[in-house]
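Look for subunit A in each of the two complexes below; its partner is subunit B in the first and subunit C in the second.
Entry: the complex of A and B
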């Protein structure tokens, strides 16, 4: 039975390489006169590739489930004591499994693309099939010859286990979510390329893949949010974003994807930006591949890089083919991509979308430059450099705020040329609201802002850019809140106007008008919801980065300490041996400092994962863990005895036999009754806990408004999900475009 | 070219230029740091140390963690030279034997590097784990090293 799964998986992948190759080849042949009818065969081959990849995935997962430690991959990322969800999640804990999952998603989406286009887009399908087939071939080559997931060695008793930091619920769903996003852009990319090849460069290719694009963009965005949430609750440094290469890798395609979603609207409406739109989807897909490459190759040292490998050169070649091949094709099709209209005014929706695109792509470009600079520098000058978060913030924050402002302007400003009437009607009230909030925030701390204001001009006159931005920085939170309120006000105004019309015309109630309005025009009103989500995320980022505080205290059990607005009592601790770790769980009770009211209790844990390869330690650990059910005091004693044992073993082995990890304790104020504390986190990390006395060294962060990021993320998810639902209006538009195109071709 | 397009191109060029300037300014400041290997660092005169980061691997068995949980002494090496480091602050969970680390701080008169920043990257994760057999085997292993 065991041998069967390994054999099936191994040969399944090999056959998948063959079927993927055939799908690409048959699609190309099918497009010529000679191979008529082969297109169907190519499409069936994509189904087969998916089936075989699925089979291989099932085989690998079953290897995890039955603890088949002959499989190198299972041995490295699982152990017999690993909890069931992590045995499954270990599938993407390492290189080969991650690539397998990528391939599974890719072929799955390819199959879905074939299934949904059986009777549609017959002109574009051959080229799209060939592109998907070709990309699948690349991943199958990696899986068969570079990183075979079914490599085996002699039987082993137990596995090494997943890296403790990855054992987290959010970390388990974060990579698949990101991969879905990365992979999903393949479909619009394939259709974009197909449009170029067939010279059908109208709006069919992106209209027909609109929901694919939103789907990928949604998963990528959600993946980024989950990743930052994981970093926040797991890495224990009080932050959620560090401009780490891996984070940047996922942000870049999301930014260009966002630009793409906006700029296609201009082509739909005005027939402009045809070259730019193709370029954006090429860029987005290339950045997705580049993101996978950065994450999986470990080429740039990243603080939480879990991967190092030899697949770098293969990816580099593949990426070069994608980028240069697509660009050459694009250049050869330039005559087919002429714009049908011209920009008529800088004060127009076209131009505000263009600026939005410029900033999004500009930010993506600077992030790309700053992320890859260390690699280039080392290759060219041999000097190793690091790029710290301050540079990224210096460059990106000011333009991100302008981008936020544009989110309020873009949807409301008139097409072609905005009249004074249009500007007055749409922007006076929201602008006043935004300015009012901005000034109010300035008035709260007039001294600080006055100093920053004069400081800015002092540096400006002496032409010192860096010190000037140090001063300007002071205004970022107030500017963000002002711009955000402006956007929220425009959205409210739009919703209210739309609802009022419905209520008058159809005599509908407020709630009915609200829901019908969104339902009838999902794209527009769900788009606004996404904007609201982004604004709330901006609020969370501004609040938590500007007003975070950090404190450190050494406490004995029973001790009290004041931290900001909180009074904290360290109640005590308990020792435990569970799953694959021992730990000291500290328990704290948090009170409001002013009123003394109890706010809640928090548990934070310092863990050690004993190295299970050390026989003595493994036995002692399992013995202690087994006592968990017997009696409390004996259990604690045997756990406590593990600490000196570890120390002794480390002395004799002369190396560490434990891997530390920390479980942060978070008390979130997310009830509407929390008043000024709303959205704030009390975030505690036990740096060190003495297992004998419980004396503990705590580091405490107070992160105001940080929960706005997760609230905003939720709103983003809701808005994106609504806009992804089937929409009658969109379907009619697509059918109309197809009819026009058919007439053109005929 | 028509006027609106010219206007847009001018403003757009301004946006791009400002980003380029900001990137340039950023790389001149403290955000970007060069880092050296241990031996390069030890060869550099002390007065050129400012803002330097040192990169190396944690020598196995040299980690001495104190009970505070935020003080640690260890040695790092690039295979040629070794540097004794003392660090106080949040110790990343990835800081383990053999981890690839980058430290930032200054060299004290006693030859110990006092670090205020410690970045650590997991070593190629447990790959040497096979070295642990039974105790005798490992004892041989450590003496032969």
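Entry: the complex of A and C
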């Protein structure tokens, strides 16, 4: 049975390479006179590729489930004591499995694309199928020749196990979500390329893939949010975004994808920006591939490790083909991409979207430049540098605030040319609300802002750029809240106007008018919901960045400490050996400092994951775990005995025989009745716990408003999901475009 | 008496001179904000990183800045130079704005200027582009031209625009 799964998986991938190759070739031939009728064969080959990739994935997952440690991949990312969900999640814990998951999503989406276009888009489908087939070939080559997931060695007793920091339930969701986003952009890219090849550069290619684009953009955005949440609760540094290259790799295509979603509206309405739209989808897909290249090639750790890695050069060649091939094709089709209208005024929705696009692409370009700079620096100077958060924040935060402002202006300003009346009618009330909030925040801390204001000008006059930016930073939270309130006010105003019309004309109640208005025009009103989500996320980022406090305290069990508005009691601790780790779980009770009212309790844990390759440690750990009754003295003693054992073994082996990790304790104030604490987290990390006495060194963050990020994320998800739903109005528009095209071609 | 006066004067001198010689709290913060924690987690400054290693490094740097480690107190620049000499340029959380690495700081600004120039050029291009023949491709624009030739501030046009926006 074990041999069968390995053989099936191995040959399944090999056959998938052949079918993917055939789908690309048959689609190309099908587009010519010689190969008429081959297009259907190409489409069937894509179905077969998906089926075979699915089979290989099932075989690898079964390898994890039955602990087949002959498989190198299973050996490296699983162990017999690994909990079942993490055995499944280990599929994407390493390189080969991640590539397999990518290939599964890619071929699955390709099959879905074929299924949904069986009777339409026949002009674009051959080229789109060829693109999907070609990209699948690349991933199948990687899986067959560079990173085979079914490579085997002699049988082993146990596996190394998944990295402890990956053992978190969000790990089960976050990477597949991100991959769905990355891979999803392949479909609009394929249709974009098909539009260029066939010279059908109207609006059909992006109208057909509109829901694919939103789907990918939604999953990528959700994946980014989940990744931030995972980092926040797992990595224990009190933050959620560190401008890490892996994080940046996911942010860049999301930014250009956002730009694309906005700019296609200009082509839909005015027939403008055709070149820009194709360029954006090429850029978005290329950045998705680049993100994978960045994280999978080893180039982040060093340019030298890139050169020696198997996969890095292959990705570089593929990326070069995608980028240069697409751009050459684009250049050759420029005459077909001429604008159908001209920009009439800078004060128009077109130019507002144009600036929104430039900022989004500008931020993506900055992130790309700064993320890749260490490699450039190492290649030129031979010395590595680190690009940490300060340099990213310096450049990106001001632009993000301008972008936020444009999120309020773009949807309301008139097409073509905004009249004075349009500006007054749509913007006076929201602008006043935004300015009022901004000034209110300044008035709450007049001294701070006055000092920052004078400091900014002093630095400016003495040409000290860095101190000037330091002073300007003081205004960021107030500016963010002001701009955010402006956007919220524009959205409320739009909703109210739309509802009022429905209530007046159709005699509907407020709730009915609200829901029907969204349902009848999902795209517009769901878009506003997404904007609200983004504003709330911005509030969370601004509040938690500007007002976060940090305290470090050494406490004995039974000890008390005051931290900000909280009084904390360290109740005690317990030792435990569960799954694949030993842990010292500290228990704290949190009170309101003023009233003494109990707010809740938190548990924060310091864990050690013993190296199961050390026989003595493995046996002692399993023996302790087998006694497994918390509170039982013999059990606690045997767990406590593991600590000195680890120390002794590390002394004799002269290396670590454990991997430490922490489980953060969070007391979240997410009820509106929490008053000024609403949205705040009391966040505890035990830096060290003495297993004998329980004396613990705690690091405590008070993160005001941080939960607004997750609330905003939820709103973003709701808005995106509504906009993905089928829309009759959009379908009619697509059908109208197709009818126009048919007439035009005829 | 004179001994007491002398000791008072010496103490006063010490109090006045010490802040000049020794590092200050600002030096300490500058050093832990500039240097990266070498724990191998996310790239975080020693100030921001939450791991145990960052905790140790904060203690060490506190000792170096205030001289409590038994050596001469150091200012922020001296502490940073010490770590850069030992671990290389990558121990800084962001590269120093000097030499080739100045490009990292100036690059985004140059990009910004180029981006603005590109935006201006694009706006000018779009504003001056001719209305192309339909034969150039499949028509993409679907927004109707509302009363061509009538000024945008015309009240009737505005009313129609307003109603169209409401119903869109």
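Here is the rule we use: the second predicted complex is superposed on the first by the 735 of 746 C-alpha atoms of A that agree within 3 Å, B and C clash if a C-alpha of one lies under 4 Å from a C-alpha of the other, contacts with A are read in each partner's own complex, and residues count from 1 in each chain.
Everything that follows uses one rule, which is that a residue touches a chain if its C-beta (ideal position, glycine included) is under 8 Å from a C-beta of that chain, and two chains touch if they have at least 3 such contacts.
Since this is a predicted model, take the numbers as computed values, not measurements.
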item	value
Subunit C versus subunit B on the shared subunit A, clash or fit after superposition	clash
Which of subunit B and subunit C A:384 touches, first, second, both or neither	both
Partner chain(s) touched by A:47 [first = subunit B, second = subunit C, both, neither]	neither
Contacts of A:201 with subunit B and subunit C, given as first, second, both or neither	second
Partner chain(s) touched by A:395 [first = subunit B, second = subunit C, both, neither]	both
Touched partner set for A:362, first subunit B, second subunit C, both or neither	both
Which superposed partner A:661 touches (first subunit B, second subunit C, both, neither)	first
Contacts of A:678 with subunit B and subunit C, given as first, second, both or neither	neither
Partner chain(s) touched by A:164 [first = subunit B, second = subunit C, both, neither]	first
Touched partner set for A:370, first subunit B, second subunit C, both or neither	both
Shared contact residues on subunit A - subunit B and subunit C	235-237, 342-344, 346, 351, 354-355, 358, 362, 365-366, 369-370, 373, 383-391, 395, 552, 660, 685, 687-688, 697, 699
Residues on subunit C engaged by subunit A in the complex (per definition of touch)	33, 36, 41-45, 48-52, 55, 88-95, 99-101, 103-105, 107-108, 111-112, 115, 118-119, 122-123, 126-132, 134, 136-143, 152-153, 158, 161-162, 165-168
Partner subunit C, residues of subunit A touching it in the complex	199-204, 231, 235-239, 242-244, 267-274, 335-344, 346, 350-351, 354-355, 358, 362, 365-366, 369-370, 373-374, 377, 380-381, 383-391, 395, 414-417, 419-422, 425, 497-498, 501, 521, 524, 552, 660, 685, 687-688, 697, 699, 733, 737, 740-741, 744
Complex contact set, residues of subunit A against subunit B	76, 160, 163-165, 235-237, 301-306, 308, 342-346, 348, 351, 354-355, 358-359, 362-363, 365-366, 369-370, 373, 383-392, 394-395, 398-399, 465-466, 469, 552, 554, 606, 611, 613-616, 650, 652-656, 659-662, 685-690, 695-697, 699
Subunit B residues within the subunit A interface of the complex	2, 4-5, 7-8, 11-12, 15-16, 19, 21-23, 25-36, 53, 55, 60-61, 63, 65-70, 90-97, 100, 102, 119-122, 124-126, 129-130, 132, 134-135, 138-139, 142
